[in-house]
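Chain naming follows the written order as A, B, C, D, E and F, and within any one chain the residues start at number 1.
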């Protein structure tokens, strides 16, 4: 059993308290440790992803207790790809936070950032449902801290709503876990998958309710309509690098849905049929529509980006909701795309704010650093709106193709294509107001409270890095999609995962003792 | 059951009943009296004695069943030490809020410490600055 | 040259002008020209293969699973278009270098132009319809950038957005159409698709696919009813209008119709849709064009009209129609590009494009006049110019076309269109160049330098050459036509001839020319009638539509997301309950497997207390202080319930947390209003109450359901009970689970707590460093304060009690592994001890004398827990693997040494640090400007009478 | 020596209390526990003595024990009295009163002990201290003669406490 | 004469009922108020009664591990009473 | 007994939801606390109800209640404590900035001038 599997969790979990303990007064030292830590994280997660790329499953028993009695950490191709995405995103976001000076506008940014990474990565890697709850809470509470970083009334008011809505979500999670344990007597996901099959068709109520409650929890995380209300204002009020990091948080929900509803409650499972397969897709379609209408309706750039995140999650969820191998493969491709694109857009909106002094989508005098910023915006907007040549277009094609097999195919196509149009319109309007219309506004700013300044070079490097990743995601789309197809196939044949987890003995237990 | 055990058990039962009595009297006082200060008398002390009797019963019972236990004393001590302070604070609340009959002037000093408010004119203090 | 290079060159080259902006205008234009020329030459290296009837291909896999690959194909059609794109491109680059003014950013312009060029070449060379889509959308994007190139012009911005919206919509529709096509055929490769005419046309999805693809083509090629965007695209600099919006991009739709002609055409659906749209567009464009005063607008509508003409020809689906269409594409590209560039010259020289302000330029700008005359007459269909030839062919095709069972409809409308077409051509020449020389031109006009007039002149020469000697291009046109037709039909055997004899087409041509002359002669009265006619302004309608869509979206989005958490929560709760209810009613309820346990009077009383306290809380929650007491009682009852149901650890934790929470809330309530005002209406309260009751019923039903049934299999906790002592070294199974079996949860849990404290600290710092600081310092308490801040009796008691509480905490910590307790509760107890000290003597006095660095305590706690976990690595065990042993050192009893205790120590420290840091942060907010640091632990101390220190009163 | 002792054990009485508490917590009396209790009894006051700067001097342990026994007896007797009052005296006949107790005691510890005693003996509650600490405000539940109650407090408890903290 | 253990059981039940009665009555006082002092007092009484309940439950169920719970409730009950009173008196409870 | 516990969960849930739907931060936080109690009891009840059998191993006892839900609830209590502290602090911070403790934030979507630029301006016609 290699210890490397838990390293991506343990590293930030040790780094953060270390920063608090030893470096809390020195922003410079914090930055050095934080960046070094994230770089190490990238290396670790890349190596993990490499190790499982052959379809194997790595597995780790916490405290040497075998599943299902103890907590296990499992690295398969799905979780490692998410971990790798997280650490790559984190690297560029961190660079931006440092470059833009956001990290120094409040206390404990770097510690919270590391804890946030620990929570996200832990959620991806754990093989235990209650442990997933704990990591959800870790990532949430760190996100609360990051969201209100640097304070400000609007941010705090949005923060209150954000925290409270997620508290409702956490409460629901506990209800779901209680239901799961009451019904099955276990918390380990693989074990759960086995026990669910023991439930007879004459007594399905318990597991059905448990299954949908769990799904609702993840739907809140994934900002699925009508549980998305927490997202627009919190993401737009959050400091830009934080919002950029949050781009991965919604994907935690998507990941959990993929994991749980392919392994534990797979589509062919009788006792839970007619549930998520029924209403998840419509909800996802509405999410996409609402998100993209929001893009058109937004009156501030940060709102626009936030709504585009809602929309892109709708796109992801449409693909997931098909619960087919090609659907999940497309979803995974789109998850990577939308994470990078959303994060890039949030960072760019901060460049705009820095250079322009305002995020209002209303004419202002020309901003500083226009041409570079506008170019970056154009590229990121193209990606997010799903226009060629970037990965958004490819992802959209994948989702549309996956939609062929659905009974709601027409709906999928109509919504995907028309919301694409709406978002193109929205991004075009926003871009032309921000970058073009400025030229017909007199040069002297009429509002003196707008402070404009030239964004830092490191900020541009960070945004460029994210867009560079998007370009790679596009150029190597074949390879990436090939891999996500493999991942998806593995998800629909979870036997390796389950046997690895359940058949390995641990402290005081022999294999299969539980069954 | 040996005789000692039986006696201890009877004693425990008796303590319980006495304790119950005091507890009930305490809450009756709490309900019955019509002034915050008089209400304060009953439960803070009568009730305390009542719980003391229950703790005593617990100890007696423990000795009776052969697992001697004295740590109940600790709780009893704790309750007895803290009860006066609790009562004092509650009384201060009533005095501060003018919920009771105004107390007479102190003999030696100017006023009672609770009434010695630092806020020059409480009436002017606007709510929610 | 490999096809990849031909496509890639413009894209790669696009970087250069942008980067070379500083090197000067000539350098920018030069590098652009060189890049285009290289691609152009590269194209010609493939000409021999094409001429031999061969097809050049190139292929690289991109997204094979999706069927999207970098597959390129060069045949006659592709060559033809690529030739137009690159050839005219070279002319436009030359022209543009001279056209743009010094204020314009030339690097940016040429970057966009090359991007467009690459995309356009990509479209015509794609052998994969998905790849084609990629390039297709790229042309829309680059067109967007080029139309909006002059950022300060509202017309440019609007035109750009309109073009993007309309063509973007078409592009999206086309995605759908192409995907359907690919699904029908099983491949997205054009070469495969083109082989499957019968399969496609027999498929039930043929019609949707056709409509979707045609939507793409029609929007791109400005066919009715999507024609309106093109005139507004004329806000772009003239080189762009000439290049994109007349010669190339708008022909992309035509190209695609031609490309898909073998598999899509020949059906009644195709015929009706395409021919009708083309015909209407042709007539409409010509009529509107005649009355346009803006030179570029006139040309734009003429372009619309001519695109309609080509579309109509393709729609007929005959071999001759295809032949005529290809020939007219070539001819139109030559004369229309020449006209646009000339219009640009006029604009450039006279500073106006308004025809009524012009006239008489013939003598002032003779070269331009010559070029315009040749090109316009060609467009009007005057013999010996190339436009005449293809127009004749069109009219001939029209006479053979029966639409809606009427043999007259198509020829009649075609003739009408030609009349107007001739008319605007004559007006263009007459009203701009003929007539008297005026003295009120905005700028003194003269012919420009050769750099500007040479490109249109070259095209004008071509117009004449083709017009006189069509046999020079005929083989090439036939080659292209062959590529269009694929193997569906043979290429027509007819030849392009100047003289066909007295055929109907010739009469129609004559009618057109004569009619055109008559219309121009009658222009003034006609214009008055035209101006008097009510007609829908497409732009106004479009803008109104967009505006309506935007305000509808705003109303919807902002109405939905109105910032009301109460609504969000309400929707969330209702959704959760509804989904849960659905799951419930669609499932089956199994038999009860557990027997109900009887409830005695005490549980009933406890239940009644809990319910009463909860109800009281709901009813009386507006009194916030009372609400806190009530919530305390609920917590107390829950704790007692936990004791009753055999969970002492839980009871302790619940109650301790309860008290600390109440302390926190009290600290906060100090700043908040003490009462919640009545704001919600009765109706609202009833609504909320109903939702609440439904939610309550749901949780009740669920809980009751599970309580009456056993789990489907033995709970895993059986293992924990069996192995807690053996493997975890503790008899308190809950504690062993917490620090051992599921220690990883606890590790996360203390991290949550640590983060909470860090967050609270960080926010306090932020508040105290921000505008809130002043408010806080000047805060007036919302209620009068009593005297005696630090009462003597409390202080004295604390001196005794606090050490006792500490020792209890220590005891609870040590015993936790085997008896109720543990690091967490111990941590809270120790925190409470310190809080007692703070409550007695005040935070400032207590912390001035002894202050722990709580940050460090948290950090240390989390680190200790973490390193305890890592410690197992050194004995080759997984993270957090526990070990324990028993030690005996006289006079002490035998005691246990366990790594779990070390872990618990980490928990303990993290809890103490977190609670204390949070409380400290809250209390820092409360420090007022008027508060002094007190020197004494208590305010009143008669024993100080002797030393007579001044009294501290507040 | 004394200085070292005082540094080690700033409040010897507290040390004793803590040792006893530790033994009570363990719920068994063994030598090991006693030793450990003493160790804790030394360590904890040592760590928290900064919050108890001025140690009362001249504390008479013997008199304290006598005092404690008297108070315990009073508690039991007075509890029964108050229970009777609660059950038998109607609100209309109840005669509550404030009484002011002038203090000779100066030490906070002594005053606190007196106040606690007053409260624990049912029928009286110490309600407040005067703003210079020279009087106690006591509430009496039911009395015909407040002055007698005051004198009783002064004679029975304050006198003894003056001796204890002499 | 009733057997000792039986009597003890009866006494335990009576005590539990008495405590439950005490809780309910205190709750009434808490809701009625009318003063803050009354409410704090009622809560304090309820906490003390809760201690009694836990003690008696321990005896009744024959469980010996509830001692820590009792001790904890005693300590924390005191702290919460003081905190609530301090809030009324001073607003800031740890100034 | 089961009925009592289940209905207590229901009552606390209902009260919690009602308070969560109130308009001010403070009652909403109280409502969240109630919901937390409710869910903690629910989670606890997933181990079913056992009277008088705490999971403290002892030689003379054979019946123990299910310890796992207890451990889970313990974790949940601690976590929700942290969350409550955080939301109280953030709510307080928001209140201190605005003197408004409404939970709803109508300023989340401030009205702003229309961004459309459809008013034609004369400069438009003078394209070079």
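Quick note on the criterion: a residue touches a chain if its C-beta (ideal position, glycine included) is under 8 Å from a C-beta of that chain, and two chains touch if they have at least 3 such contacts.
It should be emphasised that the depicted structure is a prediction, and the values quoted were computed from it without experimental measurement.
Taken together, chain A and chain C share the touching chains F.
With centres defined by CA atoms alone, the chain at the far end from chain E is C.
When you average the Cα atoms of each chain and compare centres, the chain farthest from chain B turns out to be C.
Distance between chain centres (mean CA atoms), chain A to chain F: 22 Å. One simple way to say how far apart two chains are is to compare their mean CA positions; for chain C and chain E this gives 60 Å. One simple way to say how far apart two chains are is to compare their mean CA positions; for chain D and chain F this gives 45 Å. Chain A and chain B, compared by their mean Cα positions, are separated by 55 Å. Contact of a single residue of chain E with at least two other chains is seen at positions 19, 21, 36, 40, 42, 63, 65, 67, 71, 75, 82, 86, 88-89. Contact with two or more other chains is made by residues 21, 28, 40, 44, 48, 69, 71, 74, 78, 81-82, 84-85, 88-89, 91-92, 94-96, 111-114, 116, 128 of chain B. Shared interface positions of chain A, i.e. residues touching 2 or more other chains, are given as 130, 134, 137, 141, 144-145, 148, 151-152, 156, 160-161, 164, 168, 175, 178-179, 181-182, 187, 233, 299, 429, 432, 437, 440. Every pair of chains meeting the contact definition is listed here: A-C, A-F, B-C, B-D, B-E, C-D, C-E, C-F, E-F. On the side of chain C, the complex with chain D involves touching residues 787-788, 791-793, 795-800, 802-804, 806-808, 810-811, 837, 841, 846, 849-850, 890-893, 937-938, 940-943, 945, 951. By the touch criterion given at the top, residues 61-66, 68, 108, 130, 133-138, 140-141, 144-145, 148, 151-154, 156-157, 160-161, 164-165, 168-169, 172-173, 175-176, 179, 183, 546, 549-550, 553-554, 556-558, 560-561, 563, 565, 567-569, 571-573, 575-576, 579-580, 582-584, 586-591, 699, 702, 705-707, 709, 711-717, 719-720, 723, 726-727, 740-745, 747-749, 751-752, 754-756, 758-759, 761-763, 765-767, 770, 855-856, 858-863, 866-867, 869-870, 872-873, 877-882 of chain C touch chain A in their complex.
In the complex of the two chains, the chain B residues touching chain C come out as 78, 81-82, 84-85, 88-89, 92, 95-96, 111-119, 122, 125-129. Across the complex, chain F is touched by residues 60-63, 65 of chain E. Interface residues of chain D, counted against chain B in their complex, comprise 21, 24-27, 75-76, 79, 82-83, 86-87, 91, 94, 96, 98, 100, 102-103, 115-120, 122-123, 125-135, 137, 139, 141.
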